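Each remark here refers to the structure printed beneath this line.
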Amino acid sequence: MGLFTPAALARAFAPDTRIERMLEVEAALARAEATAGVIPADAAEAIAAQCRAEAFDVDALERSARDAGNLAIPLVAALTRVVAERAPQARGYVHWGATSQDIIDTGIVLQLRDALGFIDAELARLCDALATQADAHRRTTLAGRTWLQQASPTTLGLKLAGCLAGFQRDQARLAALRPRLLVVQLGGAAGTLASLGDRGPAIMAALADVLDLGVAPAPWHTQRDTLCECATALGILTAGLGKLARDLALLAQTEVGEVAEPQAPGRGGSSTMPQKRNPVGASVAIAAATRVPGLVATMLTAAVQEHERGLGNWPAEWETLPAIVECCGSALVAMAEVVSGLVVDADRMQANVALTHGQLFAEAAQFALAPSLGRDQAHKLVADACRRAASEGRHVREVLAETPAARTTLDGAALDRLFDAQHYLGASDTFIDRVLAAMPR
Amino acid sequence: MGLFTPAALARAFAPDTRIERMLEVEAALARAEATAGVIPADAAEAIAAQCRAEAFDVDALERSARDAGNLAIPLVAALTRVVAERAPQARGYVHWGATSQDIIDTGIVLQLRDALGFIDAELARLCDALATQADAHRRTTLAGRTWLQQASPTTLGLKLAGCLAGFQRDQARLAALRPRLLVVQLGGAAGTLASLGDRGPAIMAALADVLDLGVAPAPWHTQRDTLCECATALGILTAGLGKLARDLALLAQTEVGEVAEPQAPGRGGSSTMPQKRNPVGASVAIAAATRVPGLVATMLTAAVQEHERGLGNWPAEWETLPAIVECCGSALVAMAEVVSGLVVDADRMQANVALTHGQLFAEAAQFALAPSLGRDQAHKLVADACRRAASEGRHVREVLAETPAARTTLDGAALDRLFDAQHYLGASDTFIDRVLAAMPR
Amino acid sequence: MGLFTPAALARAFAPDTRIERMLEVEAALARAEATAGVIPADAAEAIAAQCRAEAFDVDALERSARDAGNLAIPLVAALTRVVAERAPQARGYVHWGATSQDIIDTGIVLQLRDALGFIDAELARLCDALATQADAHRRTTLAGRTWLQQASPTTLGLKLAGCLAGFQRDQARLAALRPRLLVVQLGGAAGTLASLGDRGPAIMAALADVLDLGVAPAPWHTQRDTLCECATALGILTAGLGKLARDLALLAQTEVGEVAEPQAPGRGGSSTMPQKRNPVGASVAIAAATRVPGLVATMLTAAVQEHERGLGNWPAEWETLPAIVECCGSALVAMAEVVSGLVVDADRMQANVALTHGQLFAEAAQFALAPSLGRDQAHKLVADACRRAASEGRHVREVLAETPAARTTLDGAALDRLFDAQHYLGASDTFIDRVLAAMPR
Amino acid sequence: MGLFTPAALARAFAPDTRIERMLEVEAALARAEATAGVIPADAAEAIAAQCRAEAFDVDALERSARDAGNLAIPLVAALTRVVAERAPQARGYVHWGATSQDIIDTGIVLQLRDALGFIDAELARLCDALATQADAHRRTTLAGRTWLQQASPTTLGLKLAGCLAGFQRDQARLAALRPRLLVVQLGGAAGTLASLGDRGPAIMAALADVLDLGVAPAPWHTQRDTLCECATALGILTAGLGKLARDLALLAQTEVGEVAEPQAPGRGGSSTMPQKRNPVGASVAIAAATRVPGLVATMLTAAVQEHERGLGNWPAEWETLPAIVECCGSALVAMAEVVSGLVVDADRMQANVALTHGQLFAEAAQFALAPSLGRDQAHKLVADACRRAASEGRHVREVLAETPAARTTLDGAALDRLFDAQHYLGASDTFIDRVLAAMPR
């Protein structure tokens, strides 16, 4: 569990929640089997009545899991014991026809459903915040930067809308994977459900019904593609959050100062530097984006599971998938907070635009001259002007004004206009509009 | 380029194909701009006429790329030179309004479109082969194995159908990502298309039209989610291929001998062991599945790209994404071949089922006894019988026949039936049917 | 924390141990500063007296860490509060001159020292067990396998000695990294120790002395190579453990049956299959080997830390490095147990050697014939004989005996000798001796 | 092969070099066997005479490798053919006693030796450049930055010396791994060298002698720890190069402007922005550092190789290890160039220090006041002063001068001194000296 994991996700993947979800599956299985007439209805209810996590010693179960190989074995044994005590007639029907992995996998699916609910909600909140800011800052100009160098003007609105477009695609991916992922696992020992005779498919359907999950065409004990799809979709989302975080952190650098994270007491200080206001939200998201790729790789490596159930690769998922969800969730919460309360310093943006005395507008100048000179000659002319301006400590506008080939095309007004970012934003507004148009009303 | 890369993919990602695709984009851009009235139509045609890869020195371009930082810069310079020689009036319109990344990214999209066409076709071929074999072997029983131990009976048909179900989901994922991935990149220096004035969106649409690609709501220079989605979808598919390959290789072990890869002269020998017939197809797929997770992790790490264009993370994609596609493609080709020509030894499967003298049917025995004894007591009784049978070197059937609690429930005929895999296949057929039902007619 | 983490490592990396180690560093720092005359000796003792982990609310500290950005900030605040209460004169000397990362990093170094002690001891235990088994089984022959196919004979002793040789190199790597890794971190805000005036190096040395750690030439806040070295050394060791585990699990397959893990009640059962004895030790090691590569990749990615202290990459280490140590430790404990109690079935090994009716000795036959025929012709002759033997269901010896070119070279006694594994072990003994010679007496 | 791979490394890992190295091993093996009296001396010379790479069709060999499973099989066949033509009496002695992996692995070791020679030389060059710059800039002060925020003063010399200390440890690691890595592989079919009777160890020693390599205690066909050690050592080095590159790129940002990469015609331009001077050296190193972690993870995953030779994991190394070496080498060359020609703007550093009107000296002020107020009260007082200064747009010095608790301790001269970076460098010089002292004379 990471330091930065949101409480809701920490709860979703806590050791006792894991046990709770597995017990929920055992209870649902008993009821589904009763519905299908495979076990007596009162036995099912008696079993379900004992499926309360608080009655079990989670630490002891975890200790036994080491020798047993998984948590379901000691849990089924413990559940059988308590059922035997309270309802002896039901003890023989506990865990009927299922294998350990049926219980553990379906339990994980339930945990993931909760977690994805949280992720979806936080992602929607972030998207709303981005949409609001992108709209509010559609004419807030700043230096576009490429290769960590000032490049050409852009708007804060477009910067944020670009991220938003990516997050909208993340939403589509997360929506698409749900029906594939949120299905019961029920296959019995070798995936045939032979233990349930000819009632296997009916019970699988009933179990899905009780748990409000879907059904896959066949058990997926060693087909881990849907878990991997969940891992990778969250991995892609987390990378997008890392990108947004790094951009904002770069803009928040002392020497740039164009944005700041929202401030609050106790937020972002230092144990030794009294002046510090660290971008802690970005730090959380970058930490997540740093961790997630390796964790995703583990899920893909672990997916090569042998035969009907693998050896060792399955347990490799148990810590890894929750860690991915937690990383993603922590980054989401952090960035939703940062974007919602983002402090924008438009004056500083203008000051930074002015820093290079017109170099930021070199492409603009090139395209102003290209119709008469050709793009390649204009490129050369402006590059020379930029170099001269830089070496002489002058504004590019001045140098261009002295350059005959430029002067013939551009008069003073045209030159002034050239060095105004508001006149060199191209389709920024259109792009923002297109992205905002995809937001739900 | 890996040793095992299929020729079609090797070609799709060869150095000169990369140049070819970039030139295709430059040509299309010129034409789109002519259509939009931004550059003269004859200039566009003159430029397009020079966009022939064979006219360029790929090695020299690659050498220059090191200092320039990317391939587009020397390519645009070289293209401008040849245009200037052949059609001086057009030289000023080369690469009009675009930035290097526009050309390189759109070129990659074109390469990926070709590659995905190949992947889709091979995947369809593999799915067909799996469907055929799953149907043919729906009653071919063998030992289901879990934790690399014999577990309970299953069928070869279900084994293959389980893999097929995963590949069908891979097909769905690959289909879903296409419209997001196969879009032009066009943003100019800072992603605003300011270089094209108010014609940016129109030219973007026209360029998409010429190249038969889609359009994204905004430039995606530093939104790499769609490339990551492609990488991860192929990564998941490759993991599934690795699983299939490892299963078949395990079944092909000398001591198991249940399947063999198709044989051909020069295939799978040894430089020193005359008897060797190595499973070379599985080796290719496992190699791919071993490599892909780390490569996918790189794509996710690289996706955190700064501002309007990143520093260093973008080039990290250039070798990585092709390597993922090549790994996936090599594994697909290998496994389509293996599955199509799979040699199945059903007798050996039966011999292996018989190896443990009935232990494979322990779950079957448990569920035969569970209605009368309860599952937990039946489990204990059968476990004891198994242990006794093993230590005494006898068949479990014999020991059970001597056990009073078993004998009262199961007569000789019932016991015989119990140890016949054909009677303990549960829903195997149903599961196979469901998977086959999803195949296109 | 993984399900399989050994208790000693779980304790080393538990949340309260983390706090405990950080407090140990604060206490040692105060004392070192008193020694250097920078703070009063009684203040140092008063601070040290409060550095008791049980006095702090770990959960509350962790919650505050989210906003603060790291654990040291709330811990220093809490420590200052309790010192202020109990020894007001000392409150102003808490955390003197240090920065958060000094405390956290040195605390991690202390945790790693404990963990490496555990790893070293378990690794020595495993090596001893391997040495014993390698020696005991130096003439226990079995089929060598390549590409998962029987290849040529080898001995169990050599198999284990090969692994042991790798683990001996792991020991050398772990010994070599200690002096680089086990050093104090002390740099203050920007790594200059300016906060300590000209006493920085003296206090660094005194702190190292108190904690029994070494000193690096300069603070290493953003030089993470030593932590990465620890991560990779453990990663390599874990891969070796995974290799050993996979080999033993393959030998333990039902159809191979040459070894088994030691049995114990509650070990390796199944929740549904009464006969099951799963190789749970191997499962733990394979799970570890599956997880570690991605975690190592995270450490390497996180090592690119900006300037004097990075943004987000540092926290990415906090869960990752402990997870690597825990994976490695769990695999070590599991495999030491498995190797120590390994059940070896030498008869089954012989039976498996016999399975292919002499094919395993094809290379032997080739080299028996090569002096007269040349290696290439001998290869061809034996390959043909193997094919014929296989298709006719006969022993290779028989076919060779009928082959004139073979018969002229090899008489009956020579042929018999050829198909006896004991006569085709080459330098197996020598190799085992060399590896055992490197064991400490 | 990456775009940025240095020519020497591209050559070391080119397809024909691979063949060349394998042929070198075959020749050396023949000679070693002649020395040991196992094959005739004239046969050995006749074989060695044909081991010329230019006589083989590399493309055809690679195509055959797909079906064969590895390159050695078709190469041995082709070599046998040419030997048979030119020296029929020698044909039977080609590849005597070896297995494919012996040739391929020893060939890789030879390739790695060349590559490590290059890496060592470039690393020494980089270390020299860093040492020179660290010494030259030991009093060049600039803002230390933590969390991408200005923190406290430091020196450019210390920044570079910190990196240098890491690279010195990399040198130690690379030196330590050489004797483990640079050993011959020779084990024959199953690692026993049974094919060489009792001459195996003698021939192994002779082969090592011919190739000037070492000898391992036993064949290491499936003990890949030494290759992994090479991969991880280079991975750690590459991460360090990425850190240095990112720092310099951040310092080179337009708004920071404290350093610039050396300029040259054609270096770091843009295809559309005439003013651009991109940090292309840093880009190469960051690209490498982005790619390497995933590649290292692949090596660790691939190291779990089954039995005497693995299935599929071995080929997973073939593209991966060269890619790691190439990434590392490209980053080294790039950074050696950047550091050697680094353009330093000390005035801009001072201007950036001044940007925050004294906030950079908050820790300095705190420690000036701490002796009288205690560190915690001083922290609070300075934090308040910083906040007030920031909100009122004033210098922290001014605000402190008005604060009674500060004024009583610090007079005007003391205050002036406080805000001079040269007076707050602590042990910077000592740390630099210590690092430089470790340089070879």
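Per-chain residue numbering starts at 1, and chain names A, B, C and D are given in the order in which the chains are listed.
Keep this in mind: a residue touches a chain if its C-beta (ideal position, glycine included) is under 8 Å from a C-beta of that chain, and two chains touch if they have at least 3 such contacts.
Small disclaimer: the values here were computed from a predicted structure and weren't measured.
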Touching both chain A and chain D (chains): B, C
Contact-richer chain pair [A-B vs B-C]: A-B
Approximate Å spacing (C-alpha centroids) for the pair chain A, chain B: 23
Interchain centroid distance [CA atoms averaged], chain B/chain C, Å: 32
Numbers and ranges of chain B residues touching at least 2 other chains: 69, 95, 97, 99, 145-148, 151-152, 188-189, 195, 242, 249-250, 268-270, 272-273, 278-279, 283, 286, 289-290, 293-294, 296-298, 301, 311, 363, 366
Partner chain C, residues of chain D touching it in the complex: 69, 80, 84, 91-97, 99, 144-148, 151-155, 158-159, 161-163, 165-166, 169-170, 172-173, 176, 180, 188-198, 200-201, 216-220, 222-226, 228-229, 232-233, 235-236, 238-240, 242-243, 246-247, 250, 286, 289-290, 292-294, 296-301, 303-311, 363-364, 367, 370, 373-378, 424-428, 430-432, 434-435, 437-438
Touching residues on chain D, where the partner in the complex is chain A: 143, 145-152, 249-250, 252-256, 268-270, 272-279, 283, 293-294, 297, 301, 352, 355-356, 359-360, 362-363, 365-366, 379-380, 382-383, 385-386, 390, 396
Touching residues (chain side chain C, partner chain A) in the complex: 1-4, 62, 64-69, 71-73, 76, 95, 97-100, 103, 188-189, 195, 242, 245, 249, 264, 266-273, 278-280, 282-287, 289-291, 293-298, 301-302, 311-316, 318-320, 323
